[in-house]
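Read from first to last, the chains carry the letters A, B, C and D; within each, the first residue is number 1.
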Amino acid sequence: MVISHALGARIKRREDPRLITGRAIYVDDLNFAGMVHVAIVRSPHAHATIRSIDTTAARRAPGVVAVWTGEDVKARCGPLPVGPRIKEMKAPKRFPLVIDGVVRHVGDPVAAVVATTMDAARDASDLVEVDYEPLPSVQDPEAALEPGAPILHQDLGTNVCFRMTYGGGNVEEAFAGADVVVKTRIVQQRLIPAAMETRGVVAQYKGGELTVWTSTQIPHVVKTTLAETVRLPEHEIHVIAPEVGGGFGSKLDVYGEEGLVAALALALGRPVKWIESRRENFIATIHGRGQIDYVELAAHHDGTVAGLRVRAIADLGAYSQLLTPGVPTNTGLMCCGCYRIPNAHAEVIGVFTNRTPTDAYRGAGRPEATFLIERAMDLLAAELKMDPVEVRRKNFIPPAAFPYKTPTGAVYDSGNYERALDKALERADYRALRDEQAKLRKQGRYLGIGIATYVEITGLGAVAGLSGGNWESATVRVEPTGKVTVLTGTSPHGQGEETTFAQIVSDRLGVPVEDVVVLHGDTRAVPHGVGTFGSRTTPVGGSAVYVAAEKVKDKAVQIAAHLLEAAPADISTDGARFTVRGSPERSVEFKDVARMAYKAYKLPAGMEPGLDVTHFFVPKERVFPFGTHLCVVEVDPDTGEVTFRRYIAVDDCGNILNPLLVAGQIHGGIVQGLAQAIYEGVTYDDEGQLLTGTFAEYVVPQATDVPAFELDHTVTPSPHNPLGAKGVGEAGTIGATPAVVNAILDALAPFGVKDLQMPITPRRVWEALEGNSASR
Amino acid sequence: MKVEGTYTLPASRQKVWELLNDPKVLAKATPGIKQLDPLGGDTYKATIEVGVGPVKGTYAGQVSIADKVPLERMTLKVEGGGKPGTIRATGELRLEEQDGKTIVAYTGDAHITGLIASVGHRLIGGVTKQMVGEFFKALENELKS
Amino acid sequence: MGHRISVTINGTVHEAEVESRLLLVHFLREVLGLTGTHIGCDTTNCGACTVLLQGRAVKSCTVLAVQADGREVMTVEGLARNGQLHPVQEGFFEKHGLQCGFCTPGMMMSAYALLQQNPNPSEGEIRWGISGNLCRCTGYVNIVEAVKYAAEKMRATPAAAELERS
Amino acid sequence: MIPDRFEYVAPSSVAEAVGLLQRYGAEAKVLAGGHSLIPLMKLRLASPRYLVDINRIRGLAQLQEDDGTLGVGALTRHADLETSELIRSRYPLLADAARVIADPLVRNMGTLAGSLAHADPAGDWGAAMLAVRAQVVATGPRRDRTIPIDEFFVDTFTTTLGPDEIVSEIRVPKPSPRSGGAYLKVERKVGDFAIAAVGTYVVLDEKGACRQVGIGLCNVGATSLRAKRAEETLRGRVPDEKAIADAARAASEECDPASDLRGPAEYKRDLVRVLIGRALRRAVQRAKGGA
């Protein structure tokens, strides 16, 4: 759907030319004279006391300029942020290196070796002798809740970080009066975000200014929090997110290395660089998911859901990072899905374990919520021998019910869930698929059709842990020649804001997209902002640009009217030119208005010079994209292999600004979601060693492992922002996991298999069928 | 990583027990042990070189014998640390004599940390089995000599 | 123990004294400043560092710089000629075959090598041909489309396009 | 990830390479494709003091038939086999295997000979070579040794190759009339080491019975394995469903997999059974002139 000449158009990305020619500059591409390199010594134990650290040999090694341990950090650094404050939350302090003599996960940073070359730093890091006294560790979050479990943070006295409850109605009564209850225990396994670019930090202290280049999604937050960590006034800190090679939430954090490298640059007076290795990335950058859910769904014979009970135990890992508790609490908020469930109760418990911390990873709590409710709906359908489609239809929140408040407290803005479902079914030819399935089963072939209908929440803003509320900043600056510079507080890493935000400005001001440049990621260039995450870019960041552009336009009209000696209400514009209505000869070009705005000798009385507006956009409410994903798989019961036959996604992200980019977001999202279903999963041994420690063992899909996707949309604009957009960065991931799992379980239904633990690898299929005579 | 099995040695229980308690034999039979220095009791300071094809690592640590019930059972413990991480292995050996031969039943558990654990996981099982085999084969050779 | 090496990169001869252990990718990035070739892992899995060595696509993180002595290397910086994008680059641009761009140089080098061998690959052959390269953003769909676009474009004007660019 | 320091030498003849190996002994490693060795060196799990790069030696990249065998040179890359018309048309088992080794980029560098010498039980070539009864030609200070593949693998990463020998060639017997082979692999994703993989090779007699059977197994033991009992089960029999099932069962019993992230031992055993069945059917079909 084309909304205007610029909005809704398939416009090629303006960031691409530098990226496809190898000219883009990522952190590791920065090099400065005199720069030194950091290698970090990390704990090989999941839980241990440090008896001693001997850095003598490392200090003597060729090229070494400094070796830091916790003692140095204690003397020079303040703490790092530890998450949004939740009522009665207990979170330990964290620092750039372990300062209290206890390591709590494999990968916890113990010492930093700084040398003149990367090779020398790496060589010398092998010479740091750390004497550990291993302690009993706890890996399983449920075990961590047991009395007598090893306690990670002695001063907290418990492994429980927080407990939150959500809900409304009368759940006990609903269950008592229900005809059927289905129950399941779901393990939503840990995932590794694995952005293709690992993290990296370069810092330089020069002329009273600390400049930090970091691969982050939130440069402004890094700047504010670094002030405390490196004990420097905030206005002396300049943070730059250069080209960022993917994040998916893993760079929506403030990490110890950002503080460490900055503190080293201050202390050494030389530029300092640290580039994370992939192995470090797997143990020292946050993991995603990690939740155990006990789900009970009560319903009547006709399929009407009466009540939902959820107990979610979140594996937080060893520390609370920037937003750690905010992830599982999203699950509590969103667990009712697209359904009118009158009685619901969700308890969410965050638990520390001796593992890498978890935090926001693409979807951040909503995939977990969607997965649990969509699995429960399929279990209910199976129990009632109903078609999964019909059970969903029966319980959808009807279009007329919006805005709709769920018992868990979310207020859904708008939606038409059945329309998206119908579109997917039609496109798939659902009836024909079911017929084919029946036919193939007779031949001993197992086709499965999986459906997931989802609703998610986007436009999330900064909660208390970040530097502000749910807002974003934008500046639209018309230069004196009529060209436009946009500054955005969002900080893209592949989303294409340089293109979509130029489209918004082009739509509002009528200037060609080529006349707009969008700058981001530099805290000296851009007004304070929040960042890019939670599918907020378009609904929040884009809306900020929209409103700023509107204000610019209003001012331009006033100036034009003044120049043309007409009333502003009588001015019409096509963007290039302002004309007095009814007098086409009385007109002035946009670029002349811009020039006059700065020449400033002929402005309306009292008007400030310039054509430059900064707007901080605060959305009225959050917005709720939705859709239906339908997946068709074939399962080989002998080998356990799953093959994709088709994948159909109908997503409603409100108005679409650039279909090319929306499709890209959905494609990538689906692959990460289906990867959770059948490929990816973190495995630790019972002593907390990460066994999936490389790309050789942690199975990220390649082009050959995934199908092509058939995409479609419904469009239900959000009433809460001027663009009517809902955000689309995470939708694919949220819809895909349950769609794929439901498809596999549908294929295995003839074998009596009701549930399977993700990732559903060939071995898990085989294990489920093992002992089942039908499979032999 | 757990291993278990049995191995039959062509000698009396008395003879096997003596061998297992002889630090020189232990040093020779335990794969990778380059040096064994007594630290008192049944504990020895050890330098262990584990080499599987091109993968080589040197670990400094201790070998000790515990839970001794003469002629019946003992626990062999190996602990060491090196660049690629740490190794902690315990093996319980139970001896039983049958027709002049000794059947050694073993259960072992090895904990490996660091790089080897995450990179070499797929090979650890096979290599552990291989090393246990080498250990008994070396004991058998000792009996022959 | 330095080694004097001479490597032709994107048509230009580069000479340098290198240590035995220097990897080709570090030679390109650190010694020559050709930072278009990226490093995405340390276990020869991701393909972000893909370059052409003697016309074959290889992971430059698993080749020593000394091994490239006297050989020809082509990197992403050598794709465009005289300011004109190569059809593979055009394809990625036209079809939105990239998002964060980090895997893109390696991915394009694999695609380039594939099209040299197989000018008219099927969708399956394209997926097979780029299966040594990980992408975390695109879901591969548009990368496949980009390679199809490049293949068509190269078939339409093979000789002319090359001449014009050289 | 940077390797430890080492000295690099690039001899220009096999004799020179062997001389270097003699001089440096166990301190040296041969660099061919390097795609097993260099990753280990980057992680510093392997730190040889000398690297003897044989890539500068001319005449080691052959891939041709003569004297009743196919000769594969020490520097013949996986991709050379994958794209060779000769291999595609006459050695279906090799063609199948070449396609599923690692990924296209690795296949451009890695070599068959190096893969065998590395002796990773998960190496696909080991199982394939066992099935076709290849011979490894080892060049050392004395005369060349021809080692039957059955005597080549000793243990994980360990072969009968001497520290001063290099694999200079692999010799694969030319396919007999009425022969066919297949290689099948189940992996978690394309390019992964196998959960299990099998190579099968059959030669039928005029009556359609199996005159010769070769079955190799990948990643279900400490080394690449030959399924001897399965071969015996099938030899002399007409490969009907019953005979194939018997052979498949025998192979699943004689393999010795370890439980790991790829699955429990029982699963791998069963996978061997399923794959042997499928691969034998395909090999027989090919022996009868099918594709």
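Criterion: a contact is a pair of C-beta atoms (placed from the backbone, for glycine too) under 8 Å apart; a residue touches a chain by one contact, two chains touch by 3 or more.
Being a predicted model, the structure only gives us computed values, none of them experimental.
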item	value
Distance from chain D to chain B - Cα centre to Cα centre, in angstrom	32
For chain B paired with chain C, centre-to-centre distance based on mean C-alpha positions, whole Å	49
Cα-centroid distance, chain C relative to chain D, in whole angstrom	29
Junction residues of chain D - those touching two or more other chains	1-2, 4, 43-44, 103, 190-191, 193, 261-262
Residue list for chain B, restricted to those that touch at least two other chains	83, 115, 119, 121-122
Sequence positions of chain A contacting 2 or more other chains	118-119, 126, 277, 279, 691-692, 694, 696-697, 702, 704
Topology of the chain contact graph, where touching chains are joined (line, ring, star, complete, other)	other
Touch relationships between chains, expressed as pairs	A-B, A-C, A-D, B-D, C-D
Chain D partner contacts - residues on chain B that touch it in the complex	52-57, 83-84, 115-116, 119-123, 125-127, 129-130
Touch list for chain C against partner chain D, complex	1, 3, 19-21, 23, 26, 42-45, 47, 50, 56-59, 61-64, 66-67, 110, 114, 117, 128-133
Touching residues on chain B, where the partner in the complex is chain A	83, 85-86, 111-115, 117-119, 121-122
Interfacial residue positions of chain A with respect to chain B in the complex	44-45, 106, 126, 279, 282-283, 685, 687, 689-694, 696-697
Residue ranges of chain D in contact with chain C within the complex	1-8, 10, 31, 34-35, 38-39, 41-43, 51, 53, 55, 79, 83, 102-106, 108-109, 190-191
